[in-house]
């Protein structure tokens, strides 16, 4: 039963995602004004050759801060999960 | 967890400086060629993973201290957010590129071309690249170390 | 009374202060009625002790009604419902993900078709 | 034009990822499925930003005719790092659960139910 | 860079052949009786991928793309080493 | 000078301060525990203060637009860009400010509360780091005006909350709860990323206002909308996707649970923001509105009925949290279902939305209070099984009072705040569809019944011998609960003030799409 | 014309050896022989394809005196160097691990590694 | 033309390796297939002119993720069903 339900939901979702194939055209985006702005002005404004880095660190720098924070959170989380227990543990803390 | 054979260890010793140098090349030239803080940091961290795989866990923990790496990670992040806050202190919004085209440090404009030598450009981007590189290096190495520490019987 | 406290709901209004005043008045009246009765009540005498057909009084802790015993009638009445709903919370991770995906698919069908 | 081939691949990969997540019972395998799903979405974002005959958005040669869109690449970088962070935490969960429950089967890890 | 016939045409067929060889490696990845066989298949794919990346970098006239190949060459064997360490029972 | 600095950069500082505090926290904790406590408390106090300032600023002077990295903070569209926003824009309108207020209040109380119990934790620096990261992420989620930025923050929030849920690693079941929570969140994150890809591929924009302006509502937009609704509803615990909620809420430390409620509400905020602002009338609003209503009704009914037979106090409260989420979905869903109908939205749609939004802050306050009291009880007696509790009213008087306040508020007994918002919902939903209103009332009655049970089994009865040594909880815990309880009473006694001051502008901000767009794009 | 011929020659050699390596991977009977085929042949082949690129870079540099072609050649050379180093080591590691796992070569020959350990 | 053929082959390889991840019951082999998938998707990024992402995927996806998967397999069990 569960198997059939899983396969069915997978097929339904795949069928709906097939609209991506018909709705978007590969290699020919509808709008490109934001990226054209980056490509045209990125080099003079920020003085870089690599536009991707310009976007990552300048135009969308705040995303990058969040993304480093994700990594930091993951490291803290893993460190927390594998921390050493020094004894004196309570069964229920609060 | 044991050490691997001598060939592998030798190769890891040989490769590690090369990987680190190459990783720092990727980090430093992030604004000129493909790459940047994440990619370079990931490269260096994978180099660290190479050393980790070649040696045993005891040798690794004596070589790479978790506390040091944690401090390194925090330092990178602080440098990163500090570079963002720098613009704010100067009266601009958060993450304003306060060094770009200023003529001082990292303030030159860049010509077209593939020749990676114009490091003194791009404002605070190289600063941020370095910061993120340090952070990703420490972070990903720590992830591997902690996951390995979960394998050890005595630890955790 | 006071605009600050009156909540208008479009089709009516609600004022907690008025309500509080009414509540307090009701409580006072109730207290008065209560205070007028029980004249013979004296604390600490024989009359306040429970009398359970001559059986010894149970221990204090055993008198307390535990949580599991409350509302057994309610849960008993809704047996059929609970027998269906509780097993849905299987505790299996993939079942939960399957639910999420099914909801997605159903809403997809609803919205798109 | 390429007949939207990458998009078809994205849909197929998504379907495969969803089936791995739903049909498999091992936790590590489920995380691999999640990884496949994340990669599929990354590929989708990159494919969205591709322009026919474009070159990488890096000014190496002189001003170039057409460049692929740079923003998806920036987004994708972020999403890759988020993906590895997610995977690391999930695998840590899996290792701890194996240590505590002695199994890695999702159908056996069900102490919380009802 | 002027475009003559060999610059236009010579790189892409080679890349096509290499990618075809990569696709062939999936057979061994699928069939390989032991995990070590599969590891070899993946290792081969690494090598071929690096070769095709170098060639593609030239074919697209993007010198900087070669950097990716270097990263690949340096890093791809780390996962192989982990696999070998696990298979050898040393992890 | 300093005021000017703070006032121009408020939204950025709101996120930057807790982030900075979180980055430094592991380092500070190496020095001494007292230092760590001071650091955490100080940074949280500053964050709350900034949050209150921001709320005041937004409610007096309108939408606050802050552009990261532009030459001036308000310049959302560069002069040479031809009318498109290219940078990340924080758009703090009244709705965002409303959520910021919740976070500022609850976050402060929770940190205050959790400081007194941290000698029971191993490596508490990780706990506080994750906590500060969670707060920063939630603040970022509610104040951002950028789709991808929202995704990044939602990922931070799910990572941090998963870590916090699994904090009591040695118990084992906590790890299971964390895994379930995180897996659902990860799937939701992937859905969101898909949405970003679809919308970006069509409109080449990531800014919500820009997408809203260009929205054509093609087939792909419908799919994107469905994915969004599913992901965010799963993240906030609407019913057929609620299964992670009782696990995560019951196994996390109580202070974390109080914050997790707020994090779920931030996803709820995301749901409302995207449906109202990004899609608005262009969506098939009746269908989506009814979908949300159905989800809400299911949440209410199943949440409360599942709560009644529970024996674990926090699990019971978690099911109630699901049930209360249903009220918010119901209220706002009714508003969404009549969005295009001018007369209907004026007569009852706005009121229903006011009820739903008002219920968000009420729920955060009283549910936070209830979880904190449950934590206080568990802190003292060391068990969470209702069958083993009893007679605590003799020894924990203040906790009992706070618990009474919280449970009366959640059951919708006047004069506490739960009644005010529920009244708004009942009366307006009755005009929309009487059947729904009746269901809502029945659910409210069942909630009361269930809390009578909890109250009876925890506090009533003779003092039990095994809890003879139980004392009242330490002062900071009482203080944290006390602030929340005071606010619960205040909000209940002055409902119209609260509605006029903060709720009605938030509702207006949600409904008024063109205002949101013109705040960023400038008179579009 | 010499350079062009050299490039084509290198590419042909590289492709052929790569193909032979993959053929060996597919057709050989046991693990060690497959490893022999792939490691040697594909490393050799890949070195030759990279050599073609290096030659192309140097030749183009002399033709156009554009400095970016030296970058091309140097980077390709570094990639080849790393490839040659890492491929051998990873094959060694896998072979060793396979031997530890207890995989024996197909026809029984004498096992020197067994004697060493 | 040949470029497109290579592109198709890479995409087909992607789908096939994802199917292999689905198919293998030996988690070790599945991790290998996952690594293979990462290589191919990196090559695909490269073909789609995204070198930054390709580097990132090569370093993180192919190198580190496989490594931590293998560590996790070592920490849990090698086969999908226990007792094999």
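A, B, C, D, E, F, G and H are the chain letters, set down in written order, and residue numbers restart from 1 in every chain.
By definition in this document, contacts are C-beta pairs under 8 Å (C-beta built on N, C-alpha and C of every residue); 3 or more make two chains touch, one makes a residue touch a chain.
Model, not experiment: these values are computed from the prediction.
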Notebook entry, point to check: Of all the other chains, whose mean CA position lies farthest from subunit C?
Noted result: G
Notebook entry, point to check: Rounded to the nearest whole Å, what is the centre-to-centre distance of subunit B and subunit E, using the mean of the C-alpha atoms as each centre?
Noted result: 26
Next item on the list: Round to the nearest whole Å and give the separation of the Cα centres of subunit D and subunit F.
Entry: 28
Notebook entry, point to check: In angstrom, rounded to a whole number, how far apart do the mean CA points of subunit E and subunit H lie?
Noted result: 13
Notebook entry, point to check: Whole-Å distance, subunit C centre to subunit G centre, using C-alpha means?
Noted result: 76
Note to self: If I count partner chains per residue in subunit H, which residues reach a count of at least 2?
What the structure shows: 31, 49-52, 54-56, 59-60, 63-64, 67-68, 71-75
Check: On subunit E, where are the residues touching two or more other chains?
Finding: 39, 41, 46, 60, 62-65, 67-68, 70-72, 74-76, 78, 81-88, 90-91
Note to self: Touching at least two other chains at once: which residues of subunit G meet that condition?
What the structure shows: 68, 71, 82, 86, 89, 93, 96
Margin query: If I apply the definition of touch given earlier, which pairs of chains qualify?
Written below: A-B, A-C, A-D, A-F, A-H, B-D, B-E, B-F, B-G, B-H, C-D, C-F, D-E, D-F, D-H, E-G, E-H
Notebook entry, point to check: What part of subunit B is in contact with subunit E in the complex they form?
Noted result: 1-4, 8, 15, 18-19, 22, 26, 33-35, 39, 43, 46-47, 49-50, 53-54, 114, 151
Checklist line | Sites on subunit F touched by subunit B in the complex | finding: 5, 9, 12, 16, 19-20, 23-24, 26-27, 30, 66-73
Next item on the list: Mind listing the subunit E positions that touch subunit D in their complex?
Entry: 60-65
Check: Of all residues in subunit B, which touch subunit G in the complex?
Finding: 4-5, 7-8, 11, 14-15, 18, 113-116
Item checked: Residue ranges of subunit F touching subunit D (in the complex, touch as defined) -> 148, 152, 155, 159, 162-163, 166, 169, 172-173, 175-180, 182-183, 186-187, 189-190, 193-194, 196-197, 200-201, 204, 206, 246-247, 250-251
